[in-house]
Amino acid sequence: MSDVLSKLNDILGERKNNADPESSYVASLHKKGLNKILEKVGEESVEVIIAAKDAERSGDNSDVIYETADLWFHSLVMLSHLGEDSGAILKELARRFDLSGLEEKENRSK
Amino acid sequence: MSDVLSKLNDILGERKNNADPESSYVASLHKKGLNKILEKVGEESVEVIIAAKDAERSGDNSDVIYETADLWFHSLVMLSHLGEDSGAILKELARRFDLSGLEEKENRSK
Amino acid sequence: MSDVLSKLNDILGERKNNADPESSYVASLHKKGLNKILEKVGEESVEVIIAAKDAERSGDNSDVIYETADLWFHSLVMLSHLGEDSGAILKELARRFDLSGLEEKENRSK
Amino acid sequence: MSDVLSKLNDILGERKNNADPESSYVASLHKKGLNKILEKVGEESVEVIIAAKDAERSGDNSDVIYETADLWFHSLVMLSHLGEDSGAILKELARRFDLSGLEEKENRSK
């Protein structure tokens, strides 16, 4: 699974630059612009929260997995819209946790 | 960068099961419970949205990268709290985009 | 304007109990259930935040007023779904600010 | 209760213009700026959603009332920061529901 995000970067870049907004959901989001993409990021985060509360009660995690994938996907579309990709996020997570070593070094500024 | 999420799964599992809530931020979140973790997911999604609006204006993506890493991180803590990890998200993204092939098959149900 | 919320309580109660979900948006939300209503509360809060960032830049507050009205409206539908109305919110705000007096007494617990 | 929002407008205006950020929570929010105020609006909306899910399960509405009051309060601070007050929201709600008449006329554009 380790190269899923890398392949997804390629797909998102291709959809942003070459796809038809009539047939590609990703291209249609770029055409609608940043506000629409951010509305989707916000909606999906709320759906994650609601699904997690339901999973807490039911013990069934399938919806929360589905909604978290939606949240990550739309945050990747947002990054793509701004000229970034998942590499920047993984690099920041690696820096924060010093993933060459063993210690938790969050270096959290807040 | 492809194994950052895999290494992070190991760290998050170790922090959940063995770390001291006094010294580990991750362990402290698990101790406070799901509602506190979901509040953090919500807060970080709002900070992503605000940072993206500022990036749109300034052209500087550093804050939006930092905040998106925070959002992914807290969503991973949530998944860990529910007994899942990033593998479930990558599997769902791979399924959705048929990453063995070339076509965008989102199979979106909504 | 002081009785708008009071009149709205009456309308929301009537729509909840007697209206046809086919023709009334409020009745359709109640039929879809709490999760759908909460998704709308979340969506509207994100639209408020985006509209406020745009207002900061443009100086035009019309969208942020529209979206805040949407947020308040959907939070009132949520309260109605749970058997409450705006009276409970106004009572809590009055208690918090001691609106019989002049001092700010927020008594905030967090 | 009908004049609570009107009195709160006066308090919020006074706090914005004359209060010391060291002693007034409202003045401290204005000093920190719009982004901080919007983070609070986002946080409170998430706390409303979590509290509503817990209320659905427990039947106890006290937390959801408390958190909705917090959400309305912080949205009023946001409006004050942008030079508006609750009158603009009530006017928009009255327009939308034609509160001089009996019919639900939402005139929703989306």
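Should a chain be cited, it is by its letter among A, B, C and D, assigned in written order, with residues numbered from 1 in that chain.
Just so it is clear, contacts are C-beta pairs under 8 Å (C-beta built on N, C-alpha and C of every residue); 3 or more make two chains touch, one makes a residue touch a chain.
Everything numeric in this text was worked out from a predicted model, so none of it was measured.
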Can you spot which of A-C, B-C or C-D is a repeat of the B-D interface, where more than half the contact pairs line up?
A-C
Cα superposition of subunit C onto its copy subunit D, rotation angle rounded to the nearest 5 degrees, comes out at 180
How big is the gap, in whole Å, between where the Cα atoms of subunit A centre and where those of subunit B centre?
8
As a quick test, compute the distance in whole Å between the mean CA positions of subunit A and subunit C.
30
How many angstrom lie between the CA centroids of subunit A and subunit D, rounded to a whole number?
30
Check: subunit B positions touching at least 2 other chains come out as 38, 41-42, 45-46, 49-50, 53-54
When you draw the chains as points and link the ones that touch, which shape shows up: line, ring, star, complete, or other?
complete
For the subunit D and subunit B complex, residues of the former touching the latter:
35, 38-39, 41-43, 45-47, 49-50, 54
Touching residues of subunit A toward subunit D in the complex: what are they?
46, 49-50, 53-54, 57
Under the definition above, what is the set of subunit B residues touching subunit A in their complex?
1-8, 11, 15, 19, 24-26, 34, 38, 41-42, 45-46, 48-49, 52-53, 55-56, 61, 64-66, 68-69, 71-73, 75, 78-79, 82-84, 87-94, 96-97, 99, 104, 106, 108
